[in-house]
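Here's the structure we're looking at; comments come further down.
To keep things simple, chains are lettered A, B, C and D as they appear, and every chain counts its residues starting from 1.
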């Protein structure tokens, strides 16, 4: 069967990108599986870039959505009061905030992560009255000018066409920078009256830099960062867009450090079904917004409220979180036992269900590309990240069945061997069923 | 029945705004009607700020959505190739582009209008290699830093917390500026080698400034603008987010001027159901994007493709457009016959189904606020826009039944009388049924 | 005799410029005359771009300088208290400020005009706390980034290599902009809450745009500008670098309008001898500087204080000012009687002893270049200014002997004829003595 | 005798600063001595902030100046070719450039250091086409917006009133930053495609940060910096305004490292007499300026050419340089033997004839202020620098007589003892003659 993609090539801008890595026309998704028009099935280790933590089309959420749609409930509501939003707010407080003793207020933004980053930076600047923001090398926060200014990637920055200002980049503990005391560096900059770098309103961080190449900030580092912010009267903003909603094992990624950011940004999996939604959480006393100072037509995506509320139920009781840890253990063990032995120059990094296999020292970006392609040809969707795209990023749904998780991991192992990373043996076709469906 | 809004006040940020003008908890919507938990029904002259041109929950679209959801079709797909996107693209070309002889390529952006504006400005700067953009006084383009820089509103700009640069504001034919040759002004600036204003990559315009107060650019002005851009090698970008998708009587708002912008930005009603979606159309030869130079997690909102495709059917044949003109005629007549006579200082502006009643010279913003509130109390949802919010903006669904259109207009008439705008007679309660439901 | 300029071409950067228009090696100057190594003498209608209002090496000033040098008085004194500065300050107050009832305080800046512009803009922003400045199309204020941002010239701006921000350009009454109500335009921008243009801290203006092409702002326009600033709480800054110190007939160029700017910038002729000096005058209550907030190594140029003080004596009594008016009358008459008749398309503009002959409509920049070259070959130094350098700028010392003034004017007339601007007759060699010395 | 400073307080802006540290009205200067109206004499350890490397009013230079003035030679010449400039250029090439095998071209800027920094940064950006510049924490480069953006001092930056952009600050080997590999840091930033920091056009450095607190960059560090620039295609710009012209023992301060910067900025002592002058040296192939792209009225300060040429004679033969080394040795010995023993927490840094006594750990800025005041009261002019002004900066004329050098050093020793820095003994009045004149 020939794949009909003509119209895309004819009509869709060259800016399209993932379709180049995954050349299929997709039809359906269920759980950890994706289905294509060509009849193939893929295990999903990508999860919509972190938007599908509960898998594709989970039935409990789907039921709520269908019912909501059928009943002609309100779909587009700007920032009206609606029944759907009310229910979401009530459950978010009950299930997420209260058990964690968090007293946040919530702002619904235009339903993209970047929009919430923009809102958070605006609010921080408004609160502290200082234009500067510190962000971290390797960080990714979005593509609109405000968040792009805080994003490290050179090519994406260049596409702005204007100088990006207002953000100073600080070292993140990785590579050369891991060898220096990066928190000490920031502190020295702040204490030096001639550093040329003004005190910022806020420090914006990811506890795990996902796009940056799955760089996990050490817990002690996060704690020192929070402490530094507190001592210097700087707001701490956690961008939990990709690694929040359970990705690292707890609902918020910062829970492992026991710190409470002043602002938290959520998007991606917060709707539970891949529907657009984004939010800024802010400590109660920081809510100095005036009405409509930041707005947006789709900031009340009612379907996303409905789905998001249904998704919160996963967090009732500890079962779901326990499941993540179980899977984390599996992946960690697999990587240590099956992948590292392939080549000791492979770097493994991760936490919860976000893991990176960094091939920077054994083949680099091209090898990673070939490995990812081999995976896809053998029924596994996996994306690359990091500088020069050298990192295979394992990002499955948090509730992926263990068998599929193992299958996917084996496919990666096979792919690495197939591209020549191997202590001696050849890669074999590990997934004939899926690959030839 | 007491309205339960406690959780909103407790948990939702003060930035919320429309809920203050329309203090109800909404439950359902159908066609031109909105229903609230308190049992009331409202005629909708707001249409989700222009996102509901086909009304609430139109059945033909709804059916497609429900079917799509039930079948576990793919919901979140980034910029994968999907069956839903393919169908949307095919129909968009067939129904919209080809009949209008437009050879645009399409970029799907993060599903907010502001994200598409950001993308369009990036692309324009990339194409021409000049950082500058011209935008117009009174214009509104969004809240992220790139689009906010092109937005005129003082308060919204101030909330940025950083200087907004890269955009120069030019006079739009309104108020004092209507008295000068604004295109001549722009031309003089461009021709003057000492104007201090660098030649821009693009001029970004709305053919009708909706948020600006329903300011309709004269057709000849639009033509001169397009001609000026052509002669000076400047890209012309039409922000058709609010007044595209039929709002002015034709699918694109610029059709009346017979010009073809280099880039067109669509959002709001393009999904037909109030679901988040946004797109940039660009002339084929301008698609110089490299893969992923602008991206975003929700840029492929599959549900919106499904709904958007279904919405395109409204544009098959000329019936739908004819319906808009019929309603335009009704509103125009009504305003001329029933509203202007109330006070000759009322200014009426509009086109298609976007009309403004400007009370700047008869009571101003406060009178407009009272009038809108009176409308709401009498079963009509209507919003204000313009400087100091002096303009009542009539923005009903494009297929609103004539009876409801009339009912809404009469409610406005009554409200104006109730707030004291009247040549002598008192306002009467015009909508007892709706108001007391 | 061959001109020895090898070392310049070998060692001096290509950025050098006037030496290209005036290819001579100059040796001495006296009064209105310049002498070159080749033995030629030139009448100076350029006056060091306005730095030599009292002519070259005027004896009364020279005597003071020589005496000061010989006595080993302090030469470099930063912002120390010195005897020379004290004497200058006392006389400046006595001779300039007090008779004009001006209560200004004085800041000595790094001894360049651009440095004083930088200081004035900083102070204005500090006072009002708003980053924006309004400047005028056609204006010239200097080459360092702060003043360059307020300078209109395209090529000079482009050389910055970074976007220049913080300044908004407003129409100056010239060309197309003369046809619109430019003060009304500014007022409309300020009053429009959606103009996209924030209220500035200050409006920076030249009462005569010298580099811009000798554009004289109408007196009523200046008064309206001052009034607008007052009503909108905006500081008014007069850049009197080129047209202050008597150039327009009064010491300050704004005296003709009867307004008192909040800040005044002086440089060029303030030292009276062409020595580097610059100052910012500020209304007493605006002096909110903290010590050293703006500094510079050469801000106390003692020789310039000595010369500047001696130069102030020219302003004791009304004789000097009367002399300017006498010369103004001569030039004006000459231009009207001898130049305009050559071609009615010649535009004449001016005031005091700054006059422009604009050839934009009869030959443009190239004709002006040839005419200026012809002048130089015939013993007159004259420079061009304005867009495309179409304007011959008459800028002689304010005390130029009338015979030399006439001689120079006749040389211009001859040059215009020589380049073909003539109602019939040919140009003749008008200045054989000077030209062939 | 009462000091008459009324007019300064009445008329001069509060921005004045050094006059507050040195409350005298100065009259004359000769060699290393300054004389005040009150009859006192001061040894000058300040040298006009580095502008008087050859002392006050050196006779050989003075003679040239007087002769030049008397002869009515041209004083103000913009960038005309003049005899004075030619002679300066010839000698500069002969005496400075050729013996050092440097093939620089020369640009004369507006006669302030900051103007030359502006020019150098413009040129660098023009050459490389990248807006960014790297500068160093602790660096000082001037007060106009372009150079201020590269200056570290917080208070001075704040006075800009606008965000300063286009410059990224890098660690200079001092304090905390001395403990990290700062060149490695820069290299890591450049190599990281996600550092968020774009590759700059140039790196701007001082080999000794004078204002920063007399921080001497290690020679090996300078060499690594030059090497890094070369490998990354980045221009290296040496700001030698304060520490060039022999201050560190060689004419250019970078000679000790054996590297050749692409651009060098000179000002302050280049005229030899404290007269305003500044220059940019650029490698021949980098002179891509177009005529007049950077200009300024006083860029050809003829008196400064005359004096500067005369000053170059100091550099003929090795005697002058040898004299600096002799004095360096004296100061270094004195500091080690007489100052450090006072308190081991005193930090001594320096080179050539720029030395800092850093009291940051023994009393800080206030102690330094009292010590400097005590010096002044006892006939020594000395200024403070560094963060919080904790560093007494020894900056005498390079040819200061040894007896005066010793006298000044003893005065410092006495002052430190007087303010309580002492291992036991009391300060005595060391300079009764000078102090009580």
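Note that in this section a residue touches a chain if its C-beta (ideal position, glycine included) is under 8 Å from a C-beta of that chain, and two chains touch if they have at least 3 such contacts.
The structure displayed is predicted, hence computed values, not measured ones.
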Could you tell me which chain lies farthest from chain D when each chain's centre is the average position of its Cα atoms? B
Higher C-beta contact count, B-C or A-C? B-C
Provide the C-alpha centroid distance between chain C and chain D, rounded to the nearest whole angstrom. 32
Report the inter-centroid distance (CA atoms only) between chain B and chain C in whole Å. 51
Distance between the CA centroids of chain A and chain C (whole Å) is 60
Please list all residues of chain D that touch 2 or more other chains. 131, 155, 162-163, 165-166
Applying the document's contact rule, which stretches of chain B touch chain C when the two form their complex? 131, 135, 137-139, 150-155, 157-158, 163, 165-169, 171, 175-177, 180-181, 184-185, 187-189, 192-198, 212, 387-388
Mind listing the chain A positions that touch chain C in their complex? 162-163
Write out the stretch or stretches of chain A touching chain B in their complex. 4-5, 7-8, 11-20, 22-30, 34-35, 37, 48-52, 56-57, 62, 65-66, 69-83, 85-86, 89-90, 92-93, 105-108, 110-115, 118-119, 121-122, 124-126, 129, 131, 142-147, 149, 155-156, 159-163, 165-166, 201, 241, 267-268, 273-276, 280, 282, 287-298, 301, 303
